[in-house]
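First chain written, first letter: the chains are A, B, C, D, E and F, and each begins at residue 1.
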Amino acid sequence: MPTVKLVDENTTDPRIKAVFDDIKATKKIAHIPNIWRALASHPEHLELCWTRLKAIMKPGKLDLLTKEIIALAVSATNGCDYCINSHTAATQKLGLDNEGLGEVLAVVGLYNAMNRLADAYQVEPDILPEPR
Amino acid sequence: MPTVKLVDENTTDPRIKAVFDDIKATKKIAHIPNIWRALASHPEHLELCWTRLKAIMKPGKLDLLTKEIIALAVSATNGCDYCINSHTAATQKLGLDNEGLGEVLAVVGLYNAMNRLADAYQVEPDILPEPR
Amino acid sequence: MPTVKLVDENTTDPRIKAVFDDIKATKKIAHIPNIWRALASHPEHLELCWTRLKAIMKPGKLDLLTKEIIALAVSATNGCDYCINSHTAATQKLGLDNEGLGEVLAVVGLYNAMNRLADAYQVEPDILPEPR
Amino acid sequence: MPTVKLVDENTTDPRIKAVFDDIKATKKIAHIPNIWRALASHPEHLELCWTRLKAIMKPGKLDLLTKEIIALAVSATNGCDYCINSHTAATQKLGLDNEGLGEVLAVVGLYNAMNRLADAYQVEPDILPEPR
Amino acid sequence: MPTVKLVDENTTDPRIKAVFDDIKATKKIAHIPNIWRALASHPEHLELCWTRLKAIMKPGKLDLLTKEIIALAVSATNGCDYCINSHTAATQKLGLDNEGLGEVLAVVGLYNAMNRLADAYQVEPDILPEPR
Amino acid sequence: MPTVKLVDENTTDPRIKAVFDDIKATKKIAHIPNIWRALASHPEHLELCWTRLKAIMKPGKLDLLTKEIIALAVSATNGCDYCINSHTAATQKLGLDNEGLGEVLAVVGLYNAMNRLADAYQVEPDILPEPR
């Protein structure tokens, strides 16, 4: 059960409605995902989160699928159920099939193990080229 | 300081040498990274880690750069210095420039924030399509 | 489903009853929260946890609301559902409204992002004053 | 060693200079902290991070010290050295002494333990009031 | 709800069936745990995970109960519900009673606290003997 | 650099000296580890941490080596350098050799991977026996 009352996706609050409308238009979706309805309990924070996400998730040097794959890798590493569900759905919508999903998660699992081993053995960085 | 003595990369121990030779051949590198020299303190575990990494990091549905980007995203989320250094170097070697690196890390930072917000508001998953 | 049988809050076991009575008196609550009923499966650990929590959560240089806000920030960063629920309820009971909760979580989200960026860029600490 | 070349704090790049000048004016500091010099390797991301931080860290329902305490609690829970150093310094600058710091960290330690115990025993949330 | 369709434990796919049969024979269980049915959505990854787990979880210098206790400690620290449930059940099957479980979790809770305090105070390692 | 001035291990402050003397007597060591000297900046918290650690780390159903192995597994999973160093040293002092250390870390690495895979596939717990 959410810890705040989710804001109705048909709210007439102009500040919130402006963000909700932009979310629907930008993501081409009919309904507002629950996370945005929860964030709307603090409209300024809703605006800050959406503005940031919209700017970062637009295609750039990386395409959108790669960005959603990173989002899934981060969410799986943090064990965030809501985000794992939404980013898995997003990668599938963008064409990643079960075999591709399996590859993403294989790499996620592998480095969650290797990270802990490198920490546990207190391994020092190999000599790196000067900062670029 | 590593917690075990790093195995000499020129070791003549046949079991370890076989893995070290394969690491150099597969990664086309002249020196054995410190993590493998530490893992060699337990040769069976060294074999298990290398066999697994070699199988998972070969190009498949995802290309190698995408896999190294996932490795970097996981390592940054876990705060593993050794792995952050090695995977940043790997992505650069594969052609990711500072602008691309900035995009990867922007997505990593964004979802480390969003994951905690989704957890903190105890948001329930939006209705998803049936499992595929 | 808890992994141990929760101890009945009306237990007559004197060692457990002494802690349960003190929890109810100290927190001014009528029922024992589930975490304490689970910890009671190992009475000595129950005593150690409660003694510690009671000592640390008493008002000091910081008031109780600030301490509950820290508890919520830690619980959200760790993604602990039980604790997120109980500390959100505690902050609300102490007068934090949705706007205040939104501010707490905005800071939590912000630094979960900034922490990962500082790690990912391997930024070294700025010169600090000598330890105080 | 940072993984990118830190941007000179006296850079004449107008986009970066505008942010650096605002950081110095807002935080009343003479030098640009390293994290911002690293983020400047991707100017758009620098702007996004600074705009967000400036908006979230202004005093609101919570005063600045409380916000810096939350930042320290998050950074300690994530084990981010750079952020632990900077937020410890910030809380001290705002008047938190060693006794107050000890109280903050006592609460951080306590709930890092309690979070894991609640997870480990799979404790279900106590009945909560309806979402507010 | 799993994000992939769980593979039927009676699948006739030879590659998957071979692993499932080995899991049942090795663990002496009648049914395939859900994690393996999910991993089977990518048969090569299923093989890699099972081969690794089988090799690492065989008794060696450490007995199986000690290894399951480590698995539980890791799973509780990561807050992985599925793994907490399965490793708690495994330790109980191997003879750990509630008092023993309480001791394991007391140590897990204690060091989740101490880890954060050592990080938060930025304590440097005590002089250690040379690497062994 | 620690964020507080480490208390001199020869302090004459009676409250701190009492704890330091007990640490040396209990652990049979000549010098006070840095973590305790940092915690001494808040004497009440020092007492709380030491009393708790002393009670939890005494041999019980589990012997001391098993408890130190759990401490190392938790510390490696959290990536706490100070604690990884001290608990690795402690396990070695108690007789764990490099082969045994390798086994501990192999299990730690394995389940850090499996935890993330179970989370990522959103696998639901297998039916468990009733709580005991």
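Heads up, the rule we're going with is that a contact is a pair of C-beta atoms (placed from the backbone, for glycine too) under 8 Å apart; a residue touches a chain by one contact, two chains touch by 3 or more.
Worth saying up front: this structure is predicted, and the values here are computed from it rather than measured.
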item	value
Neighbouring chains common to chain A and chain F, by label	B, C, D, E
Chains contacting each of chain A and chain C, listed by label	B, D, E, F
Most distant chain from chain B, judged by the mean position of its C-alpha atoms	C
Same-residue or different-residue interface between chain C and chain F, half as cut-off	same
Chain separated most widely from chain F, comparing mean CA positions	A
Where chain A and chain D are represented by their mean Cα positions, the distance between them in whole Å	21
Distance between the centres, which are taken as Cα means, of chain D and chain B, whole angstrom	27
Where chain F touches two or more other chains at once, by residue number	1-4, 39, 41, 45, 48-49, 52, 56, 77-81, 84-85, 88, 98-99, 103, 105-106, 108-110, 112-117, 119-122, 128, 132
Contact graph of the chains (line, ring, star, complete, other)	complete
Interfacial residue positions of chain D with respect to chain C in the complex	1-4, 31, 33-35, 38-39, 41, 49, 52-53, 56-57, 60-62, 66-67, 69-71, 73-75, 77-78, 80-83, 85-87, 89, 92, 96-100, 103-104, 106-108, 110-126, 128-129, 132
Partner chain F, residues of chain C touching it in the complex	1-6, 44-45, 48, 52, 55-56, 128, 131-132
Touching residues (chain side chain C, partner chain E) in the complex	3-4, 39, 41-42, 44-45, 48-49, 78-80
Residue ranges of chain D in contact with chain E within the complex	72, 76-77, 79, 81, 84-85, 88, 105, 108-110, 112-117, 119-122
In the complex with chain F, residue positions of chain D that touch it	79, 84-85, 88, 98-99, 101-103, 105-106, 109
